[in-house]
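Common to both upcoming complexes is chain A, partnered first by chain B, then by chain C.
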Partner chain A sequence: MTAVMREPLDTTSLRTATGPNLNIERGNHRLRRRIVRIIWGVVLVVLTAIILYPLVWLFVSTFKPSSEFGQNPGLIPNNPTIDNYIKVVDGIAGVPLWRFFANSIFIAVMAVIGTLFSSALAAYAFARIRFKFVGVFFAAMIGTLLLPFHVIIIPQYIIFQRLDLIDTYVPLLIGKFLATEAFFVFLIVQFIRGIPREMDEAARIDGAGHARTFVSIILPLIKPALITSAIFSFIWTWNDFLGPLLYVNSPEKYPLPVALRLYNDTTSTSDYGATVAVSFLALVPILLFFIVFQRFLVDGVATQGLKG
Partner chain B sequence: MTSTIPQATETSHAAGLASSAARSAKSRAGGPGGPRKRHRMAARENRAGYAFLAPWLIGFFALTIGPMAYSLYLSFTRYNIFSDPQWIGFDNYIRLFTQDSVYLQSVQVTAIYVFVGVPIKLMAALGIAMLLNYTTWATGFFRSSFYAPSLIGASVSVAIVWRAMFMTDGPVDSGLSFLGINIGGWVGNVALVLPMMILLAVWQFGAPMVIFLAGLKQVPRELYEAAEVDGAGPWRKFRSVTLPMLSPVIFFNLLLETINAFQVFASAFIISNGSGGPAGQTNFYTLYLYQRAFRDLQLGYASAMAWVLLVVVAIIAFILFRSQKKWVHYAGDDNR
Partner chain C sequence: MFTTRKRSVFGGAAIIASAALVLGACASGDNGATPGEPVDPTVEEVTLNFAFWGNDVRAGFYNEALDAFMDEYPNITVNSTFLGFPEFWEARQIEAAGGGLPDVMQFDYSYMRQYSENGLLLDLGPYLGDIIDTSGISDEILSIGVVGGVTTGIATSTNAWGMYTNPILAEQLGVESYPGGGSWDDYNDWINEVSGQLDGHWGGTDWTGRIQNFEIQLRAEGGNLFTEDGQPGFDEARLLEFWQQGEAIRNGGAIPGQRLEEIAPVSGFDAALTLTELTWDNFGAGYLGNLGEPYTSLGLVEPPVHVEGARDLYLKPSMLHTISAGTDHPEAAALLVNFLVNSPEVGSIFGTNRGLPASQTQLAGANLGELDAQIRDYEASIADRLGDAPPVPIVGYGSIEETFRQIGAELGLGTITPEQAVERFFTEMNVILNN
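This part shows the complex of A and B:
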């Protein structure tokens, strides 16, 4: 029994002692491998088509008139039109569409600046400075990675309400400037740890303090980690829904996700075209970012591997 | 440029979490110079450390620890933001488990979503990562295509698309009808709306897949060759080489995906228009907490919900960390 099972293995190890029989068998083996590879390739292509279908469907559907929704589930619009786009430029609730985009961009850019600034500082402290309680704080920082946001959202709301900061962007942004997103701190810490200590120790011996070392040695070296952080921070802020839903009340201050909810609410199925068009437009910046920076993103997840 | 991302960190995604705290504690001890100089240096290091960490420290105490303590207090009170909190002891907790059937249903729905959705998602991620690891052409393209949903999956746009895809006579319904399966729209169907939400989660398998893929690249080829010499078939190789070698990454993905799954909000909110319907089937924990806190202004009650969730998540994390010894193999274990 075992001898039979081992046969294919033996043919590979005895390959040098070829007889005509073994040669044919090797050919068969190679052919079989090739067929297997082709099958898996087809599986991958089909899988890609299924996974990307919702996005393709979204894009194509923006050219369908509203009346086609619920009647033409296929990809190709029966009466392609750009009416949806023309319609949505006017916006909703008296606010033009560009305003929502501008709000989203403003919030996301500020979030990126705050996140990079505060996370890089904290990460340098955790990775390179030997001060009292650094171990305790580091463990606490890792703990906040796993903390469900539910336990802080209610008190935070009460605090911001007391401070009269509802309907401003402060509640959305203050946390970014205070490095509350441990994901970014941890990402940069891991990156700094990968930099040989000799680099900054040489600077220290030359008399540079931590501030100098950080600015002139570490910052230039961690640029890839900063880029990855910036992109993730931008995308997550851009997508954030709960934050603006809680804190932003006036439509002219809405970022896109909350504005999208207006379309989704008030326009039921009758104006699906407009909803779909805005949904797509809201994804365009992220998809562009993704196409341009995909290596940074995928490598960032691979080396770091937190939420995506 | 990306190649400068240190390879060493790749092995340590999960190990890093566990050991880095210990590492930074250890690295504190010792330093050059005599006792007085060392003392002065330590003082300087302390000052620099707290200066660099100041933003994080302020955020940690003012936006995390402080609010946590406050929310624990609130969970023992009745509070509607307009009048002062009123101490009521364990009433909120008792009411949650004895009188609130909507809450219990939301727990059930969330539990199904997490404990069915996460394993399916991770199995899909692992299977497809292995497939990608085996393929030699266009892997970059596939990897990016599979990863894209993870990036946008939590957005309002995707929730809207998902609902449109699964509505009556939408693409999914008509596709299934074409195959002879007539189950109608998923969105309004009490039995199908939760599976639809799980599918949306599984669709975002790309992030754990990328991590699995990085883990697979670290498995030494010699191990597979040795297994082959011993006559191991594909299944045996998977069981005895791939799984043990990947166990730190599996652990890491399991922990984070589980915790993230508890926090799903935007998609459920959009798909059910904030109601959690039909029949409470999309009333996920976060959504119900949002309704209680910010629609009904029962902030004490909602805080109790939040703390129950925190305890549950902590227990799950604790069990996972404890079970590590049994099934997670860290590469450096032998020489530690």
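This part shows the complex of A and C:
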């Protein structure tokens, strides 16, 4: 997006800068290049429009009354209405919609905090401390990445059920605070390994222990990796469906992805209008989150490149 | 020096923490395993978990009904949870494996055999006629919840296979509505004739895509889809014959498969493109909701009959109530099941949301709307065609039904011939049956 928008700006500034004293041959050349660029621009816009069509359709369809689905598969509603939104905000089964949003945000924010805190600590240990069997532990951690979720779900369910933790958020969050997300630990380990050890040594000579080195030296330097982890952790937790489905029973504790399905019951009346409206609303926070943080993400990659 | 000491402190803390976790797990595991002493369910303070599937509307009804129950039995607290149908079963499957099923469940016929045979559902025998009043429920309906001689479920309500028609649309288009009954050939002829007069609307959908139509043909011949021991009650030739009956309308008056794909997930009938659809009679409210204005009423008539005078139709439980075999409070759970199945108050709350109430006492309390009364009258009108319920569906019946529907859709799209369809269906069915 930003790249496309920057393009025309660059060409205009170039043109005005060299404008007054150009000769005809160079002008022709420039003209041709401009036309090629415009064609490319148009092609890209058309492609983007095609790719985004489902999203546009989703948005526009939120203004269709429920009975119009099926009868009018096109983009423009015949009888536009905002009833879907009014209905959706009321929520479901006496639980208002904001409650589902609040639950999702709570879980996602806690997951981000837990993941960053625990993964950074674990990663520091793996990258900098030579404790016994470090290689074995590291390999075991990477090994957990290969385990599909469905393999561990039943034993995990039994553990939490025996601990009487069903219908709380503990099963969803405790793992995040205990650095079980091997992907993030690995990501940060690799990042720390890229930081020169001399910095740690300098700190140690000044009398810093591991805690001090971690907080004052490593933590500020791995900010880009932390931001990347935060973004992915947020998005994955926000979209997680199976976890909350199993561990949360009370409708007033449901996060959005579970609540979303309640609007669409295949065995009786499905409210398609409400389904698309609430789906669209559920997309908004994650879209905002990504737009705000993607700048940091790009920065992060750039700084990482410099360090190399 | 410093680092080593720090490390051992952390290590010690970690060991203590994990030990605490393990011990905690054991301790509460022991508590969980102790069976509850039999006590008077109307006095003892208990908490029950109750799970159902449904939408917003049904959830509202259940909240009301459970409040009424808790008013009547102040010592019992019911926590309810609900999900959509597929998610409901996803959650139950894992709970079943982990031993954490809710005490009382709304249950589906197609899962009865699997859960009963695995011993996950409580034998309701000791409570029938005692805590669970059976005086308002016919033996036919009670027999629906019996698997291998043991009653594990009580039907809340019943459905029958029927044909919905759209008389308002027929009038708009200037054609006659299908009167119901007749032979399958009569119905084919009617579809072809009506569709021939219309442009952009059709008489009906290719009915050979639904396994239930095949089932009632088999029942008319005295068979069933599957026998009690889970073997198919038909061979390749019989299925081929069935799918060939659709040829006349597939390339003629039935709504084209491509058009159906375009409007999915709603059906041609939902979209006011067809005049008739064969389905369960509880689908009426869904149709009305999807049709919207001006289609405010529907017709509900008998499906065509394969052999005149056959007892091919049957009452299917639209849902059942079951109790988990692992419940700590079977008496209280039975009280809840009794209340949900028999209470006239529950009847007045739900109407026919869960289907036509199976219990006469509950039906008496139900305030039937226009459509509800139509369904009740329809189920009464087909009494001559109602036979015994078929055996409880085999494990995997849901997948077989879905395979049948998918192959039917492909027949409609013209991508396979009936011969290829039969071959594919038998291959896939054998895979499911041998699992």
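What we mean here is this: the second predicted complex is superposed on the first by the 242 of 308 C-alpha atoms of A that agree within 3 Å, B and C clash if a C-alpha of one lies under 4 Å from a C-alpha of the other, contacts with A are read in each partner's own complex, and residues count from 1 in each chain.
Convention: contacts are C-beta pairs under 8 Å (C-beta built on N, C-alpha and C of every residue); 3 or more make two chains touch, one makes a residue touch a chain.
Just so we're clear, the structure is a prediction, and the values are computed from it rather than from any experiment.
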> After the match on chain A, would you call chain B and chain C a fit or a clash?
Replying inline: clash
>> Just to be sure I read the superposition right, which of the two partners does A:262 touch: chain B = first, chain C = second, or both, or neither?
In response: second
> Which holds for A:77: it touches chain B only (first), chain C only (second), both, or neither?
Replying inline: neither
>> Looking at A:271 after the superposition, I want to know if it touches chain B, chain C, both of them or none. Which is it: first, second, both, neither?
In response: second
>> In the overlaid three-chain picture, which partner chain does A:166 touch, first (chain B) or second (chain C), both, or neither?
In response: second
>> Tell me the contact category for A:96 with respect to chain B and chain C: first, second, both or neither.
In response: neither
> After superposition on the shared chain, which partner residues are touched by A:250: those of chain B (first), chain C (second), both, or neither?
Replying inline: second
>> Just to be sure I read the superposition right, which of the two partners does A:285 touch: chain B = first, chain C = second, or both, or neither?
In response: neither
> Who does A:69 touch here: chain B (first), chain C (second), both, or neither?
Replying inline: both
> Of chain B and chain C, which one touches more of chain A's residues?
Replying inline: B
> Stretches 92-100, 146-154, 164-172 or 236-244 of chain C: which one clashes with chain B?
Replying inline: 92-100
> Once the two structures are fitted together, what part of chain A is touched by chain B and by chain C alike?
Replying inline: 69-71, 73, 129, 131, 153-154, 157-159, 161, 209-211, 242, 245-246, 261, 264-265, 272
> Which part of chain A faces chain C closely enough to touch in the complex?
Replying inline: 65-71, 73, 92-94, 129, 131, 153-154, 157-159, 161-164, 166-167, 209-211, 242, 245-246, 249-251, 258, 261-272
> In the complex of these two chains, what residues of chain A are touching chain B?
Replying inline: 2, 5-6, 9, 37, 40-41, 43-44, 47-48, 51-55, 57-58, 61, 69-71, 73-74, 117-118, 121-122, 124-127, 129-132, 134-135, 137-142, 144-159, 161, 174-175, 177-180, 185, 189-191, 193-195, 209-211, 214, 223-225, 235, 238-239, 241-242, 245-246, 256-257, 260-261, 264-265, 272, 275-276, 279-280, 282-283, 286-287, 290, 294-299, 301-308
> What does chain B use to touch chain A in their complex?
Replying inline: 1-2, 4-6, 8-10, 12-13, 16-17, 20-22, 24-25, 27-28, 31, 42, 45-46, 48-50, 52-60, 62-64, 66-68, 70-71, 74, 81, 128, 131-132, 134-137, 142-152, 154-158, 160-162, 164-165, 167-171, 173-175, 203-204, 206-208, 210-211, 213-214, 228-229, 231, 249, 252-253, 255-256, 259-260, 262-263, 265-266, 269-270, 273, 285-286, 289-290, 293-294, 299, 302-303, 305-307, 309-310, 313, 317
> Of all residues in chain C, which touch chain A in the complex?
Replying inline: 2-3, 6-7, 24-25, 28-29, 32, 49, 51, 53-60, 63, 79-87, 90-91, 94-95, 97-100, 102, 262-263, 265-266, 270-272, 285-286, 289-293, 353
